[in-house]
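Paired with subunit B in one complex and with subunit C in the other, subunit A is shared by the two complexes that follow.
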Partner chain A sequence: MKKKGVGMSCVLHPTGNKGAGDPSQAAIQLKPDGTFTLVTGAVDLGQGSSTILRQFAADELGVPIENITVNNSAGNAAPVTMGSFASRVTLIDPHAVKLAAEDLKAQICKWAAAQFGVNPDDVTFADNKVAVKNDPAKSLTMAEVGAGVFNSPALMIGTGAWYPAPFTAHDPETGAMPSVGAVSFGACYLELEVDTETGVVDILKLVQAWEVGKAVNPLMCKMQIGGGLSIGLGYALSEECWPHAPSMDFVPEVLGDYFIPTFADYPLENERAVAEVPHPMGVKGAKGFSEGSSTAPIPAIIAALHDALGVWITEIPVTPEVILRALGARG
Partner chain B sequence: MTEYVGQSMPRYNGIGQVTGTARYVDDIQFPGMLYVKVLRSPVHKGTIRNLDLSAVAKTTGVAGVLTADDIPGQNAYGFYGDSQVFNPKQPRFKGEPIAAVVAVDEDTAMEALAKAKLDIEEQTPVFDMFEALKPNAPLVRPGTANNLFEYAPGKTTFVIKLGDIEKGFQEADHVIEGTYKEGMQDHCPMEPHVSVARIDDADRLEIYTHSQCLNVHLGFLCPVFNLPQSKINYIGGRCGGGFGGKNDIHCDHIAGLAALKFRKPVKFRFTRKEDLAYSTKRGPWVFEYKTGFKSDGRIVASHIREFHDSGAYTGLSPYCIEKCGMFASGPYAVPNILVEAQVIYTNKPVSSSMRGFAVLNGQVAMETQMSRIAEQLGLDPWELRFINAWRDGDMGASRYVVQGAGAIEAMRKCAELAGIQLPAKLMEMNSRRR
Partner chain C sequence: MKDVGYFAPSEIGETLKLLADYGAQATVLAGGTDLVPKINCYELKPENLLYIGRLGLDYIKEKDGKLVLGAATSTAQIAANELVQKKATALAQAAYRSGGAATKTIATVGGNVANASPGADLACALLAMDAEIALASVRGTRSVAIKDFFTGRGETVRRPDELLLEIHIPIPKGKTVFWKLGRRKAKTLSVANTSVHLLMDGKKCVEARIALGAMAPTLLRCTQAEALIKGQTLDITAAEECAARAVADSAPIDDQRASAWYRKKAGQALVVCALAQAADINN
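After this line comes the complex of A and B, so read on.
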């Protein structure tokens, strides 16, 4: 018999390393034609760090985004960053990019001031050009600045480095650690159908929303929620590297034995959204969030299975065997 | 001027990735490139009596073999420094690297490896955490007293205390207890673990990596190679899916050692089997939750015991139990919290980071507690969470002050999208004040 159930959940995910430390560096170079290269050590796993750091760089410099390329594979020559983990890049790295942009703008204004014969404070940097305050006719486009810098003994690389605070360890007695970066919040609602004869679960509808501080790129936020769902569904229902515990015989060695969800396993109705509460630590209020999109669906599935079957399942993955055993135990 | 932050812009290099122009580590080919295959432990636990690789080394097409003796620096790496590049004595899990062969291609390397004469005494392993805690359990780490991670001599439990847990349970009108068991998951990225290494024209060791954290891994690799950071050109930035699995080194150390020894470009890549069976994992967990709450739904006490299966090495497990514990009472204002957590070694692949990173595991248990509390009180599950959700200024388990709270805002957005009409009293709430 097929039974339907609904469930919801509310979860969090911390963003940034606990205890602070957690440094990042960035550099932005002005090229001789007036375009820019952002050099970062942030690894793009597919989460889109190159895309969003470029968005921040364009805003902080006030130049067209097409004029900025991202180099995150400079090896030995790259500024360093802690890494792409702990949902930390969106919270931490934009600070380094922002500082690098401010540094570069200050260098360019100083160089341009000498050309104009004015004080650096009297030079404005906006709309992809520099100009003399109160005398806007005196201006140079970024292409003119780039060529001029190249033809003079000057190098324009803005650098930035940032961390939230010095690292502090847990207090050994109380575990106290007051510095945690930021925290993001997610909620999930879902409807499922479970076959009481086979134990097979079919998610019919799934809605997931995340409070992300500032959605730097709302489309990519929603794509991330979709990607997180895949790992969450797998962990909740089918993926197990130790299927015959306590025996370690017959562990999965091929994908035919290890069941990662496919699009066929995705709910037909699959809605995602973001909410924004600007976080005081983030640039423009932004923080990371997307790891948690693997989390929220799991307890919602457990709640919905209880709604459908009247039993609390307390282990994951909730394979068909687990469901049939739980039903058998109830009698 | 246009403001770009906040716009749904296309992925910067997305077109190249979906049309195949993006270059991943396994796409890299150098003339004369050699390939590595690893001799892995055939047993879950054992003592190597003798290893004879002479027939392997003599095989046509084989450049040579690599063992722990070929390591110029230390045979140790990782966040807690206890993983071994090659384990020449007492392998602790099935699939642990013992040695490697370097050959003209992978088939030749595999054929040669079949000629390795490994004399290993198989010993009784322990797989289950609670079996591993029993007094006479097999010891996963030779020379230790038990199978527990130690923070300091004799200190095996990580503790977080907030408020007064006993007072909290005295104030509670009801208590719900639950035990939750969570499984072992692989990252399963499209791109299996791979590394390419060579010596460049300036005599630097050049490594093409898919590391998620270049700076951290460079720090791990230098003591293995006994090289300064300036002598390693560690080139990365792209990853064909990581999900935390590429927070740990799987190939770069061995590929680098092979390039240093044979002075040729070298590629080392995992098969899907090696990825699934031997790479780092999201390790198994067992949680014991005891949650005290008032009849109106307010949570007043949360006692959590965490048991985390670390596998054969430490991986990131202590960090996992700490971070899990800090957030294991969910996004809720709970005044009295006690967390007690342990890392337990077993003869299984190493547990380390994976998307959601341990915090996920605690949330799953806590949210199930919340659903059960709502059921017991006959309370709307949304309302229970709205009542308890963090507001700015609340204090979390490890005494962090909550800023920019947004659980209520996330739930409201979710309900709206799901077409659920929340009661007016919930719609009036926000995360700025209680």
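After this line comes the complex of A and C, so read on.
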């Protein structure tokens, strides 16, 4: 018999470190054609951190995003950041990028001021060009600046480094978590159908929403929620990491025995939503969240199974076998 | 590691001669989706590989009331073939659900049968259709009913010098269905599978064949369960009794995918679903 259930969950996800120290460095170099290379130690492992940092660099420099190239594979030569973990890149690394952009802008304005014969304070840097404040006819495009710098004894690399406020302990009285940089909040609602004879679960509809501070790239936020769901579904329903019935002989040894979800396991209807409450620690209010989207579906699935079957299941993954055993124990 | 001999003949005669010469020292390679993982995991160390993908054995045709499948016909071809979809529906369903696109593109129906996995999806459907396996050797050809073909896990009556050449399916008179349970909804081996052929006269079952997979060392034909419903009115109660009988004869094992306990429970539910669908029973 197929039974339907609905479930909801509210979760939080800490993003960025303080206690462990979370240094961040970045460098932006002006190239001879007037475009820029942003060098960062933040590794893009598919989550899109290069795009996010490129957006921040373009924004701070006031140049088209196409004019920024990201190099995140410079190895030894790269400025250091702590890495791509703890959903930290969007919260922490834009600070270093912003400072590097400001440094580079000051260097370019100083160089341009000498060309114009004015004070650096009288040079504006906007719309991908430099100009004299009270005499806008006197201007140089960034391509002209790049070429000019290249043909003079100058190398322009703006650098930035940032380190968040030091660690203070978790406060059990208030629940404040100052040891982490920021906290993001997520919620999940879902409807499922479970077959009481085979234990097979079908997620029919799933909505997941996250409060992300500032959606620096709204499309990527939604894609990340989708990716997190994929991990969460496996975590909740199929990915077995330790031995189960009946013995150690059946620990998965090859990927063929380790069941990550496929598209066919995805909900038929899948909505993703993003809410913005600017975070005081982030540049423009941005913070990380994405890893949290793998956790929210799990308690919602457990709650929906309880709604459908009347039993609380207290282990994951909830394989079809776990469901049948739980129903059997209830009698 | 020693070198492995590799032969890729383009003629059947030459292939049979190689099999006659090498016998058990030759391992037949078609799509390789079962064989190559075994080699990679050192479960199997073949002396010689004999590739049969160049023999033109990929065809599906209708002849004398039978569907004839060349052994090297890919599961993707079978899943997409209109003749199979229409006349041997369960086989098309089994092929469709047998794996992901990459696997189905190279996996072959002959390999699915010859590998003799107890949970083979296509072989399960073929068992419910009473298919015949055509084996060829330099000594001639012979035909074996699929219910007599499997002798154990990975073991068949194929002799070392024989090539599985074709599969002949008497076009089913009734409705055929295939159901499987995996650990996820696609790209999954069967935790349990079943295929049912039912010829109905109204609510009465005239002819029944039930195959059950991943529930014993070989695929099972559930003849005692079939006898329960043959000539009888088939309602949901009868279907449930029949399914219980089918599973009672099984002897599944515990493995990475599920326990024997689960297989028995879920396998029974699966047979009920298949019977209900094949007989158009609404609960």
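Just so it is clear, the second predicted complex is superposed on the first by the 311 of 331 C-alpha atoms of A that agree within 3 Å, B and C clash if a C-alpha of one lies under 4 Å from a C-alpha of the other, contacts with A are read in each partner's own complex, and residues count from 1 in each chain.
Following the convention adopted for this analysis, a residue touches a chain if its C-beta (ideal position, glycine included) is under 8 Å from a C-beta of that chain, and two chains touch if they have at least 3 such contacts.
Predicted, not measured: the structure shown is a model, and the values here were computed from it.
Model built by superposing both complexes on subunit A: subunit B and subunit C fit together without a clash.
The vertex angle at subunit A, taken between the C-alpha centres of subunit B and subunit C once both structures are aligned on chain A, is 60 degrees to the nearest 10.
Looking at the superposed arrangement, the partner reaching more residues of subunit A, out of subunit B and subunit C, is B. Contact with neither subunit B nor subunit C is seen for A:91 once the two complexes are overlaid on the shared chain. Once chain A of one complex is fitted onto chain A of the other, the partner contacts of A:145 are absent, as it touches neither subunit B nor subunit C. By the document's definition of touching, of the two partners only subunit C reaches A:320; subunit B does not. Contacts of A:156 after superposition on the shared chain: neither subunit B nor subunit C is touched. By the touch criterion defined above, A:252 lies against subunit B and subunit C together after alignment on the C-alpha atoms of chain A. Superposition on chain A places subunit B within reach of subunit C only down to 5 Å, the least C-alpha distance between them. Common to the subunit B and subunit C interfaces on subunit A are residues 245-247, 252, 254, 260.
Chain contact summary for the complex, subunit C toward subunit A: residues 37, 41, 100, 181, 183-189, 191, 254-259, 261-262, 265-266, 268-270, 272. Residues of subunit A touching subunit C in their complex: 195, 197-200, 238, 245-247, 250, 252, 254, 256-257, 259-265, 319-321, 324.
Residue ranges on subunit B touching subunit A, taken from their complex, read 1-14, 17, 44, 94, 125, 127-128, 131, 151-152, 155, 158-162, 178-186, 188, 204, 206, 211-216, 229-230, 232-244, 246-247, 272-273, 276-277, 281-282, 284, 322-323, 325-327, 330-331, 339, 347-349, 353-357, 359-360, 363-364, 367-368, 370-372, 375, 381-382, 385, 389, 396-407, 409-418, 420, 431.
Considering their complex, residues 7-14, 18, 41-46, 48, 50-52, 54-56, 58-59, 62, 64-65, 70, 72-76, 78, 80-86, 126-127, 170, 172-180, 182-189, 205, 207-211, 213-220, 228, 231-232, 234-235, 239-242, 245-248, 251-255, 258, 260, 271, 273-281, 284-287, 291-292, 294-296, 298-300, 302-303, 306, 312, 314-317 of subunit A touch subunit B.
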